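Read through the structures below before going on.
One chain, subunit A, appears in both complexes that follow, with subunit B as partner in the first and subunit C in the second.
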Partner chain A sequence: MSIKIQNISKSFGSFKALDDIHIHIKTGELVALLGPSGSGKTTLLRIIAGLEAADQGSILFGNEDITHIRTKERKVGFVFQHYALFRHMSVFDNVAYGLKVRPRKSRPSKKEIEERVYELLRLVKLEAYANRYPTQLSGGQRQRVALARALAVEPKVLLLDEPFGALDAKVRKDLRRWLRRLHDNFQITSIFVTHDQEEALDVADRVVIMNEGRIEQIGSPEEVYDHPNSPFVYDFLGNVNLFRGRLHKGKLHQGNFQIDAPEFSDAENKTAIGYVRPHDISIEKEENSKDGVSAVIKHIHVVGPIVHLELKRNDTEEYLEAELTKDLYNNLQLKTGEKVFVKPKQLRVFIPEDYTI
Partner chain B sequence: MAGYIPMQQTNPPLESSRSTTEPRLVRFFLIAIVIVFLSLFLVLPLIAIFVKAFDKGIDVYFASIRHPDALAAIKLTLIVALIIVPLNAIFGIAAAWLVSKFDFKGKNILITIIDLPFAVSPVIAGLVFVLLFGTHGFLGPWLFEHDIKIIFAVPGIVLATLFVTLPFVARELIPLMQAQGSAEEEASFTLGANGWKTFLFVTLPKIKWGLLYGVILCNARSIGEFGAVSVVSGHIRGLTNTMPLHIEILYNEYQFSAAFAVASLMSILAIVTLVVKNFIEWKTKTNK
Partner chain C sequence: MLDFSILTKNIDLFLEGFKNTVLASVIALAASFLLGMVIAVMRISPIRPLNWIGTAYVEFIRNIPLLIITFFFFVGTPVLGFTFSGFTAGTIALSIYTAAFIAEAIRAGIQAVPKGQMEAARSSGLTYNQAMRLVILPQAIKIVIPPIGNQFINLVKNSSILAVVAGLDLMYHADLVSSKTFVVFDVYIFVALFYLILTVPLSLGVGYLEKRLAKSN
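Presenting the complex of A and B:
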């Protein structure tokens, strides 16, 4: 079931939560809505589920306009941020709920319900917990019950609101992989909301990056990470270093170093900011070329195979972050307090008039 | 005048370590004060009721309870409670639902109005109905023409009691439902349940102990209400006398044993209510 979101807007009082949102989601796609808190991503998800009404715009499931159809008829599976399991029901009853409340005509028999529930509980590896109550389960188990409950009604669309938000890092990673496999097996169109960029890039087919009620960029994880189209996206997807300087005839000048920025070849003396990812910064011990920036290593932290460096530029006193592999780090034999030369390998220039962070 | 009593006084069990407990003498003194106070003002009067009730022997006791006027008063009291409690339960759930699930202008005013009967003296509550429905009241002439009796009749008693007990269930449920939020109800909707099924299978089980607690308080109050009912009832023996009014009449006629016999019956009702209330409190705690 494809989903078309067409010029959806929503305000809460004077606060504009969503401003003219357009997204087209293909059948079977797994899409992440990514953004900081207050960016409107959860509101959008709730509008798709019918739990919130849009001020304008329409939502189509396939070719059917469901904008004015009530939640219970939309056939969406919704997994809530804090699971929203029925506290007074056992795991079995939670999963069976969607089938049990069907009108008599379409309700499966007791035996069929039981088979279906156990099938789902097997899927989420919780058959042994059928008689437990939600309070007796761990966070990860509750999350899986919530998923099984949502899947029990055979939804056409699966919506997940911060599905792994309340879990610890290890469980989160496991569940994320598991969700991806589940999605690949079921091929059900899914949208999940997250503020964790790593999660979005790791799981989703496509990522929708939202900010202040607007869409900043839509694309595959690789696209949005490698080619952010705005400073916001650059900043939001991972760490970034800023090189403030002057843009003149396709070159960004800053102090006594300059870098090519060919896409701005006709720019004349404009202030601009270059964005560089920490892993796109190369470190040299000797000044090999003129466009290196001299800096002092302030801190070194080694996390597994990656070494994070915190550097302070000697010219502008600004701090920079760099990441290198452990091999390179060992080869260079870097030490805290050492003077090195820093050079951006890849940089993207934005002119601040167009964007503000 | 009963105030708002929160559903649970959550006193986390204090770890009794040396550094946090009071000296032995202070503890002894505090406990003594509580015991003396409770015995003087609660236990002693309760014993006195029963002593006085059986003052003239068991026969007089049962005779005064079996007296037609007493039986009529008991019957009326129970009928009023039977009408009041379901009405208040329905109103309480509706009001709590409205307040906790929707945002609208004037919500705070609504909550304040629900609290009004707690703030107004019962006598005034009774007088309001006399002013409205009495012979010289606002709607009196119209009611007289249509031969509808409200004041000095059962409808008046029901109305006055309803007014006085109005906040009990609502007051109990509003904070409870506000704290619980509506995520589970939303989950129920996404799973295809309609509003009624959602209420029946999701909301009601969540609030049942709070609801029962409110119902019990409401019941206790409707049985025991004196002031408001006294104003509107007219004290017609065998017709519009509730138990508290009947006790007052007997007492004023110096029939002390009979008065205390009926009073003892009410005390038993109250004690049963308290026991049930405690059971529910215990049950709510274990359910958490």
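Presenting the complex of A and C:
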């Protein structure tokens, strides 16, 4: 089922939590809502589920406008940030409940309910735990019960609010891959909220980046990571180095070095900032060209096949981060305290007056 | 030493009083619980007017003395054309008064159930009423039993208000005995013992339930 979110706005008092949100999600897509705390992710998800009413705008499931339809009738599965399992019910009952309370004519028989619940528990690998109570489960197990419960009502749309938020890194990674497979097998449309960028980039078909109630960018993980459309997105998705300078006729000047910024060929003497990812910084031992920046290596961290360098520029005293492969690092034979020349291989220039960060 | 002959000689009066105290307490207990439950659900209802009525009830009743409510049903309502015996007036007042406290205890219990439980229930396809009945109240009841138990103990003690309107309860009969025998101290000690016969088991029972519930979590 496709989801169309059309100019949704929501205020709490005078505070604008969502401001004119548009998103079209295709059937079968897995979309991640990514953004800092307070950016409106949960609010948007709750509006889609009908747990909160929007001040304006509409939501369509397929061709049906469901803006004014109650939660119960929307047939969405919702996985809450803090599980919200029914604490006085066993795992089995938690999953079965949505089916058990249906009006008689649409309610499956007792046997059918039981089969369905066990099928779901098998899926989340918790058949052996059917008779336990939520307090007797680990965080990851509770999360999986929450997921089974959300799936029990056969939703066409699955909404997950930071489903793995409270779990440790290893479990998170396993569960999110597993969620991806589950999503594919069930052929549902899913939206999941996270503020972990790695998680979003790892499993989502598309990523929606939100900030202060607005959408900053929507795109595939590659698009948003490689081509951020604003300083905010650059900053938010991974580490970034800033090169502040003056933009003049297609070049960014800073101190005694300059870098090409061809898309700004008609700029005249503007203040601008170049954004460079750590892995887009090249390190040279000799000054091969005039546009290298002289810097000193302050720290070296080797993490598996990647080497992180912390550098301090000799001209501005600013710190920079660079990443290179272990091979390159070994070839260059870099050492802490060594003087090197740093050069952005690729950079994106933004003029601050267009954006405020 | 206590003079037990006062107790044995007047046992009929004591027992008559005890019987009426038990009766008034049991009636008020059931009535205040039902009324309190209704008021509590009104107080948290999403329907505004119900909400206002519930809040007004609690704030009004809780903040005036029980004695005044009792007098209202004894000497006030006859002016309006309803006359009650002392026993009835006292029992009604006791029910209405205690209901305010029970409503507060139940409301607090319902609100102590995390908001997510209601939302999870609704998104699993339960209606508001189903969610309240099947998910929220069963969880709230555990939280609510200790404070409600305390209110019941208070209720038994407060039933002595009947004496003021000639309600034929234990306290009323104690007054009779003491004015007849001119003994004050011993009579009221015996009365206190009768109250303890009611309140101590109640108190122990609440404690026991509390422990049982703590274990089942």
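Basically, the second predicted complex is superposed on the first by the 357 of 357 C-alpha atoms of A that agree within 3 Å, B and C clash if a C-alpha of one lies under 4 Å from a C-alpha of the other, contacts with A are read in each partner's own complex, and residues count from 1 in each chain.
Note that a residue touches a chain if its C-beta (ideal position, glycine included) is under 8 Å from a C-beta of that chain, and two chains touch if they have at least 3 such contacts.
Treat the numbers as computed from the prediction; the structure is a model and nothing was measured.
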- Mind checking subunit B and subunit C on superposed subunit A, clash or fit? clash
- Can A:V153 be said to touch subunit B (first), subunit C (second), both, or neither? both
- Please indicate which partner A:G245 is in contact with in the superposed arrangement: first for subunit B, second for subunit C, both, or neither. neither
- If you stack the two complexes on chain A, which partner ends up touching A:G274: first (subunit B), second (subunit C), both, or neither? neither
- Task: In the overlay, answer first, second, both or neither for which of subunit B and subunit C A:R87 touches.
- Result: both
- Item | Doubly contacted residues of subunit A, that is, touched by subunit B and again by subunit C | 49, 51, 71-72, 75-78, 80, 82, 84-88, 97-98, 101-102, 149-150, 152-153
- Once bound in the complex, which stretches of subunit B touch subunit A? 183-184, 186-194, 197, 201-202, 205-206, 287
- subunit A residues touching subunit B - in the complex, by the definition given at the top: 49-51, 70-78, 80, 82, 84-88, 97-98, 101-102, 149-150, 152-153
- Task: Could you pull out which subunit C residues touch subunit A in their complex?
- Result: 114, 116-117, 119-127, 130, 134-135, 138-139, 217
- The answer for subunit A against subunit C in the complex is residues 49, 51, 71-72, 75-78, 80, 82, 84-88, 97-98, 101-102, 135, 149-150, 152-153
